[in-house]
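Shared between the two complexes below is subunit A, which has subunit B as its partner in the first and subunit C in the second.
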Partner chain A sequence: MAYDVQTWINLAAYVGGGLAMGLGAVGAAIGEGYTAAQANEALGQNPEMSGDVFKSMLVGQAIAESASIFALVIAILLLFVNPSAPSAITASSLFGAGLCMGLGAIGSGVGSGIPGGQACLGIVRQPAAAGKLTTNMLIGSAVCQTPAIFAMVVALVLIFIDYSNAPLFPTWAALIGAGLSMGLSAIGSGMGGGFAAGASCEGIARQPESAANVTTTMLVGQAVSQTPAIFGLLISFVLMFKSHEASTTLSASMALLGAGICMGFGGIGPGIGNGMAAEGAVRWVARNMSHAGELMRIMLVGQAVSQSTAIYAMVISLVLIFVL
Partner chain B sequence: MAIEGADIVKAAAFLGAGLAMGLGAIGPGIGEGMAAAKTCEAIGKNPKEAGLLTRTMLVGQAVSESTGIYSLVVALLLLFVV
Partner chain C sequence: MIESVRETQKKYCSRAIIIAIFAGLFLIAGDYRPIGKGLVLGTLFSVVNFVLIGETLPLRLGKIKSKTLAIALGSIIFRYALLVVPLILAVKMEQLNFAATVCGIFMVQMMIIVDHFKTAITSTFRTIIK
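Up next is the complex of A and B:
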């Protein structure tokens, strides 16, 4: 069974496009469902507020939806892409792009839905703070989208950069590894950012005068939660742009694929953990504003420890890429 | 692509090292985050005990970290020793 290069490219692009949209739909749907569930709970408590709650639910869901719209864009690009210099490597770069975008949209979709839902509950609880809540929700869920945006950047690079001069072995593995590294590590950071943003909406509804402190703590916590996704982005850029020495051994390819898998999975846990730490801190800054500084300090210490395993994963990935 | 036995073994060790460290990092990351979240909660309720709580959090996190370190050790063994 021998196929020409174009057949392999089509195969990879179609499977990649399917994975991009299929996986990319998971997160947004869960996140939006959560928002709608909280909105219904809020309406059950106070049906009079249905107009405000409905508006806030739709805005929250629209932001969560953007992750899956990125996935849709990449999927359509993959279905109709016409590579300028088709080669066997193009097949692996297109497949990697699909994996990257599909996995990368999961976390952001789930995460962005959480602040939307909490904002709906908060508006019913504290109608006077509706403006503050909406602003905070928008900031929080926008930050949750960054991992999905990183994933889209990597997917676009994989689709449009011409790799035809690179050696097929081991570049094929580096490109799939780059997709996995960014896509998987975005899951944790997207969800973690959502936990922090959800707690901040809840906190502002409870104590509207704490809004400034709560939003600041949320942003610091979310920024730290993003770092695993940034490590993932770094490793995928190294995998995509380093010129890999030609080698037909299986081990050279697997070292690069392994580097991507290592950083990708390694970013999930710390991203979620950092988000949980931020959630705890934000929740209690709202309840005990006089100790905001202390809470932020403890949050950062806890996040630093939680981050350590992502750093181990990055070290192992760099060793796999540069030392072996 | 000529594949020899030694090459397959090396390839498996590299892939295994990536899986060991990657999957091994998930648990400690989540667990340590939970510990930090609960510590923030406790400090919010009772700020006077911040020192004790921080100490306890760090000890708890250190224990939770141990599986991450096992993963790191196994990954390094797979890369450089086996």
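Up next is the complex of A and C:
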């Protein structure tokens, strides 16, 4: 049974759209569920604070679901896209876009739900610091969205750049690899950022005077946690914009697809690990403000070591792209 | 409890709508009709989505974790089915700009972030002046 090019494009766009929204909803639902679960605990501890807890939960959830709204936008674009120069390669770019956005929204959705939940618990513990907690939660949640924004940028490039002049083999693999590299590596960074933001809300509730130190440590920790997603973005851009020589051998395509898979999976662990290091530092800065500088240094050293595995993954991806 | 949620909704929704209407009017007057219309339409649905988040909040509380998760997922699917409407309209109709509609969909979130950043900056300045 033979299919024409348009059928392949439709098939890829529909599957890509389904993946974008289906996977994109997973993270936000888990994040929102976590926030609500923590709000339950908060209300159980102090039902009189229900108004403030609800307010914090409402605002937190509105921000937390941004990642899945990005996924929704990409899904709609994929379902109704009308490529200017349809070719067989368009099918792989559209499928790659869907994969990229769907996977890329998971980590941010889960991660941004964590500060929301911790803020609800913190408000009950320290009602006077409700304003500081909500502001900190919003900053933390907003930073958690960065990997999802990177994923949306890559998905938009994959949808709108015209690859019709590029050779089908091995460019099809490079475009799917680009989607996988960005989408998978965003998972760890999104979740890791959430750990740091959650710990900062907990810390401010414990010691409201430490808010400035805690927020600074959180932002530095989150920034380093985003690095694996930036590596993923870099490999995606190389895969999307490097001109690949035409080659019908399977190995050339697999090298490019492998580069995307390598960086994507290689970015998950370091993103989460960096977030854990930041979480620990932020938590202890709140308890021991006088040693904030040392705690931040230890956090950065720990994150640098945790980061090394993402660097190995990036090196192997670059070897797969440029050497093999 | 619900009053406090309603107050928050009223505050951010009214700001979002007012800004969208004024920006929309300026854009329409400046002959950027599709952008203005898209922004207002997206903002309207952003407001409806935010109101629905608030209305479904009580349903999620007082339940076990797995049930909370199921309700959260159901709520997302329902609200997203609603958010799809302006996006499809923007894709299908030339009178609506897609990018502006997407900006409108994030208008309430933008109002929340701007409001809290403004408060944080103001309180920092006050502390410095003191």
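Just so it is clear, the second predicted complex is superposed on the first by the 324 of 324 C-alpha atoms of A that agree within 3 Å, B and C clash if a C-alpha of one lies under 4 Å from a C-alpha of the other, contacts with A are read in each partner's own complex, and residues count from 1 in each chain.
Basically, a residue touches a chain if its C-beta (ideal position, glycine included) is under 8 Å from a C-beta of that chain, and two chains touch if they have at least 3 such contacts.
Just so we're clear, the structure is a prediction, and the values are computed from it rather than from any experiment.
Touch criterion met: A:Gly33 reaches subunit C, while subunit B stays clear of it. Within the superposed three-chain model, A:Ala277 lies in touch with subunit B and out of touch with subunit C [touch as defined at top]. Using the contact criterion defined above for the overlaid structures, shared-chain residue A:Pro83 touches neither subunit B nor subunit C, since it reaches no partner. After overlaying the two complexes on the shared chain, residue contacts for A:Gly131 are found with subunit C alone; subunit B is out of touch.
When the two structures are aligned on the shared chain, A:Gln61 is found in touch with subunit C, with no touch to subunit B. Of the two partner chains, subunit B is the only one touched by A:Ser306; subunit C is not. Looking at the superposed arrangement, the partner reaching more residues of subunit A, out of subunit B and subunit C, is B.
In the superposition on chain A, no residue of subunit A contacts both subunit B and subunit C. Only residues 21, 25, 28-30, 32-33, 36-37, 39-40, 43, 50-52, 54-55, 57-59, 61-63, 65-66, 68-69, 72-73, 76-77, 80, 131, 134-135, 138-139, 142 of subunit A touch subunit C when the two sit together in their complex. Subunit A contributes residues 169, 184, 188, 192, 228, 248-251, 253-255, 257-277, 279-281, 283-285, 287-288, 291, 294-295, 298-299, 301-303, 305-310, 312-313, 315-317, 319-320, 323-324 to its touches with subunit B in the complex.
Residues 1-5, 7-9, 50, 53-54, 57, 60-63, 65, 68-69, 71-73, 75-77, 80, 83-84, 87-88, 91-92, 98, 102, 105-106, 108-109, 112-113, 116-117, 119-120 of subunit C are the ones that touch subunit A when the two sit in their complex.
For subunit B in complex with subunit A, the touching residues are 1-3, 7-8, 10-19, 21-41, 43-45, 47, 50, 53-54, 57-58, 61-62, 65, 68-69, 71-72, 75-76, 79.
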